[in-house]
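Below is one structure; the comments refer to it alone.
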């Protein structure tokens, strides 16, 4: 190694302090000397930009919610009138909280199932080598190529007991949570499988090895070590699944008859009152008339559980692994 | 270590084991491939029943004629005729808009879909990556910025549609007039194909950048922070750290996110229907859904399969990339 | 019942043969150390024993059972990994107690054992630190504690003390030996530290290029290395090697001649052999008075001196300074390393006469490297 | 496939709620407004003579009609036995009838009720509940819906017109006159819009707005109105004809000042905002409701909104929709005059329901067909009574707000035109609205738009 | 211009003081080794020098510039990390060339340097392996190569040879020294290996509990440890310590008496002191013939023997077998360690007379641990 080669590059220190420099130069100079400030500035600009662009429509939503529906004409940046009562009306017109509760239950149930099953599959695809891996993965992926409508008719027959195999007719699942959770599971699982496979695949073998030596089975190692270490990925898969189900409309609309139980307590006892959140929201829509303020207020209310979930899940990520101590 | 304990002892375990442990042992003893298949059973089973079987039924439907006048879902067996008619354009008059017509690209399903996919996924990736990078920093109030960034993803499509619909509804929202005055939009953007296309794309980018951000963020959080230490000491600037460490290490996450976003973008439907209409911005899924609701199940099934096939072709780019990164 | 037997175990990674037809028979309660150059397959051997990787061929037997196909958890082993592999999401207590918790030990039993293990590795009071809040050595000690809380058939330890300071290492050495004695468990140990290998092992297995070279008690390996590789590998600093030819006069090399009885040494006239002598068996002629069997005197020039505190390594040039070997030629034929007392007044570039301890001279076959004889009789 | 049996669910079987041994509860799939008024509806039914041991349980279906249609399609295709009664849009009942998915009421309703429905109800409504080309009844109209032209009487009067004395309420005016009324009124400084309508690319354009324009010009989609419901593929397609094209030109001239429709008669230009081209009902209502428009074509619900005391109250004027040609001047039966597009809903019966439920359902339908029930519902939810005579009763007139406009509604109802619902109408509708919108926006000339519409319709008609 | 100066550097992690008011002044081109017990703050010190962690207080100066607030990349350093930290997504070539590629070196220059570095660490031909396909030692060598391809102001190396076998370690030692000489770069080196510290360093810095204990050339540290801690820490096996009292008779301990001139030794009668003597300065009486200044004879019993090949460690019990110390008492007052020649015929449980080399005896203050004197004169 010749000592000369490093020199052309270490020029920064050599630069002489010239006397004539205008402001811009000085600024650039400072920026170069202390790029931290520039990054910080860039960072704040970017953060502010993202905040504004993502939050503005929500602000607009709030404006809509606060504007009485009859004054919706030409709402500007400020609500046209001030009618916080919309948030109360939302619950008076419909037992909206029950729709929310229904959706929460469906979403949580589906998320748990998806995470469980997709974890196993993600582990397999992410960490194991076996013949048929690529075709199987592509097969799983291919399911998401199809529009949901492509699944509907057969599933509807299936869940209405119309499919008879060996003299046994398929279970009557229509109007039960299963009629939604099963399709959701199937439709949202490929994404989770891919996410989890990616993250599980990145966990160093050494940690799984250590767990197995300590006496876990491979599955035990998956749930005790690999999954916690992939907390960001798992949380992401969970949040994405949860939100997708929470807002799903197509199947939840066609697999329920739109009834809801009269009370929250009724959810537990009822087999067949499973109308979800979105169905609630569109109930504020008349045949010709849309109660934009109620829809807006309802969606703000409906988004709250998700916001809470996001906070919680992100906390989990943070506590899980912030410092990225993934290193063996 | 003292040996006096009578707690379960380690040691090579043999013989006397309950049936459960025996089963567990048998599982552990499976070869890599056997074990892999076993863990895939739940996922594959649910996918087979809830996804593959319906698709198979739908495939059969696509080989039958439409039946508008009977209680049957489909008419007589016609082989591949539906496909032939679709691909030769014979079916176009029956569709909302032509399947493929280069002379009016904004009103032909295939071109609209591809254009939408490329544009929206491009912006979503850029923005999602930017958001993820911001969220990956440590700063006060990060939790709330996170929630803010992710919140759009939690908005049901109905509401997302409502927001953008109203924003661009000249009598209500305030966005049309200025955009119109600078000549960007026509006076009726929501019934103008190009304008609506842009609005739908913006709405989609607004909502689903969060999806990207979430997955990429998880990828970022899984990066071993020590690697940055190494890079810093080696003299890497922030940009170089990003280019050489961050980017390659989150690339798998980005690919997964883009893959699924691309698939979803190619199936875009809900936001079109709620902001504008399938007539104005026809997508492939629009074709499927409208044929479906018009009771043309044979055509709808054909369209669904052709859509899936086109998606498969389009995403093979990712698949190849994925295979390169060793995950397939 | 913790004997571990490897029969014809081979492990290949693609083209790379990490372990090559390894046969090991480790008795119950034995403490065997694997040593060998970096990349020779020590870790891989442990991994196959642990069941973390399936051998490409061959069988492994632990405690009389063929475990080749058994998963790690049923092999009754515990292991310290070379790369430590603490669970980053668990604090020290959870890391250490992991295996016990898996086995549903009662809480107080777990506490007791963890406490005891922490004491052994001197980590009391760090129970709720997370791995990334610890120093390298502390982490390694957690890994050791995690392995020793359990009472398996066999311990596998892959350089468990690499990141510890000398003093702690000596302490851990004692502790591990005590543990070994107390539990009467088989221990298979990988180390790069000669002192560890020499003091702790019942037997040392020397591996090179995936192949077992010798497995014998430490002193046997030291004093009667099976081949040139072992001779050069065991002992630090390394043994000196000098090429020589067996003539009627005895052993003749470029720089010295040694009367030797070809018969007694198992060589015949005309053979080319390699002679090996350890640095501590080279003496300045004046100090060789009490030596039973010195060799002929050899004229040398001192080159570099490496004072180690308790001794000084003196690099000797056989052919005079003009033949100073280039620094990277590993063990040059012209170079001889001698270790002397720190009180010695040798300085650089001295002209010196040294003798070799004939009884400590080893002869190796030039081609195969096999040892021919250890120690020359006669004078 | 077989029917998996529904016995386990709570409804449809005898339950013993409140100890009143043996109440039969019948599921009725309706919308959320009906569901909100479930108790009132039951009361109204019982008042109308429904036996006390029959109860109706209302499923809150979506108010979005497409969603409901989709849902019913699934239920009926899967042969579900629940719900027993379905509230169906008159716009899409016929496809269900054609597919044989509804109970033929001729077989289950008493004959006096059948003839009452067929004879006394709004004919247009009944036509959409019958099998095409026969008079077999599959649904009983629950309430019809007809749009009217709603306008600001106060402004119009300010502009010098005299609606009251000219009896605009029942004697409709022609489009050219209307255009001047609007145009003149617009000159009053505080309104910037004139005539608001709905011309987004949606079902509402093809079924209703466009349908009204072309019919009022004497045009038709498929020739004589006998052909409205088929036979598909075997009827003339007449969208290319002059009345249809003229109607488009007229409306385009309302939208676009620079466009010369080349029509005889004197039409005032630029009385409608461009935005109409992307409006559905609600969007067009907002400016009107906020006092920014002279006239609005809309359904009765907006009468209730705008006629409320705190909006325009008595200042809201309602008249039948204007027209261009007298019926006598037109080529096809049923065209010309002040037409209203027909909306509204029927009650139909699930053929898979258990017999016991069907029997109870028949009783319910009977109760629903009474004047008492119709008027109760007019008061409670604002469902317009399905029998014209009921509208003119004092009880109807005494209903708040909308009661003031029963005369106008009756006229509209008598001039109602149904959309040409057939199994292929959904596709045809899409094409119609696309082409009509394109013609109105000036993207295509009216002639071009209609000739390509004709081609599309031919293709669709021949596809069955 | 690579001098590195730490002034009052303190680094706290919450309650833990990892580095405590550290003052170091490392001259340009100097090779300084940091040693100290596990967890004493060596890595943290390197990290603060590298700029990876900001000191809680104090300033750092490299090449005459105050770099306390500068980011790592502007400090002109390169570093080998204790936990290796290879880039998992890059092959060996990319890992090694990382720093060069950052600086846009021409391709052929990169190739040349990488090749050279790979040769030094003996990894030729492994250029396209991925890190997870390598053994622990191989990975460590990649890390070393990655650091040495560049020519920074200063190298920081945190136990770079921990996972290498003795032979390779000796080789790497030479290579690093040569590199040091060639580039004339400052090297700050952390190691647990005494031999490394002794042979490579210009000076050794001994750290304990975050505090610098002594910084001096190796032999000074060895022969004149500043305090009891350094004395016990440097040298393996460790120095023997015996409590004693200064009386008019000299140094009196439980088991022996040593005539001493209090004045010359810097103690006064009545002081309690701790005497320290290294194992190699304890001799069986019969071999002490040529010793200049043996102490009085001490009667001992041999306990355990640890044969190391080139020497034997003999544990001696001062008070006879019945006082055999419990095994974990670190350096028991009754125990004395002696190192003897491997030829020695001492066996376990021998009764023996030993002498200490007075001139190698160290005295320390019992309270502060400060060294009082090194080597006793007189007899």
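Each chain gets a letter, A, B, C, D and E, in the order it is written, and its residues are counted from 1.
Criterion: a contact is a pair of C-beta atoms (placed from the backbone, for glycine too) under 8 Å apart; a residue touches a chain by one contact, two chains touch by 3 or more.
Every value quoted in this text rests on a predicted model; they were computed, and no experiment measured them.
Under the contact definition stated at the top, the chains bordering both chain A and chain E are B, C. Taking B-D and A-D together, the chain pair joined by more C-beta contacts is A-D.
Note: the chain lying farthest from chain E is D, by mean C-alpha position.
Among the chains in view, A has its Cα centre nearest the centre of the complete protein Cα set. Each chain gets one centre point, the mean of its Cα atoms, and the points for chain A and chain D are 41 Å apart. Centre-to-centre spacing of chain C and chain D amounts to 94 Å, using the average Cα coordinate of each chain.
In whole angstrom, the spacing between the mean C-alpha positions of chain B and chain E is 58.
The multi-chain contact residues of chain A, meaning those touching 2 or more other chains, are 35, 72-74, 152-153, 204, 215, 217-218, 282, 290, 321, 323, 325-327. Within chain E, contacts with two or more other chains are made by residues 71, 83, 85, 103, 150.
Within chain B, the positions touching two or more other chains are listed as 10, 28, 73, 171-172, 224, 226, 237. Residues 47, 50-52, 71-73, 77-79, 81, 83, 85, 87-89, 98-99, 101-103, 146, 150, 156 of chain E touch chain B in their complex. For chain B in complex with chain E, the touching residues are 224, 226-227, 229-237, 240, 244-245, 248-249. Listing the residues of chain E that touch chain C in their complex gives 13, 16, 35-39, 42-44, 82-83, 133-138, 140-141, 158-159, 162-171, 174-175, 178, 192-195, 198-199, 218-219, 222-223, 232-238, 278-280, 306-311, 313, 327-328, 330, 339, 342.
Within the complex, the chain D residues that touch chain B are 66, 69-70, 73, 76-77, 95, 98-101, 200-202, 273-275, 277-278, 283, 286-287, 423-424, 426-427, 430-431, 433-434, 437, 441, 455-456, 459-460, 463-464. Within the complex formed with chain A, the chain D residues making contact are 1-5, 8-9, 27, 29, 31-33, 36, 59-65, 67, 70-71, 74, 77-80, 82-83, 280-282, 285-287, 289-290, 292, 298-299, 301-302, 305, 311.
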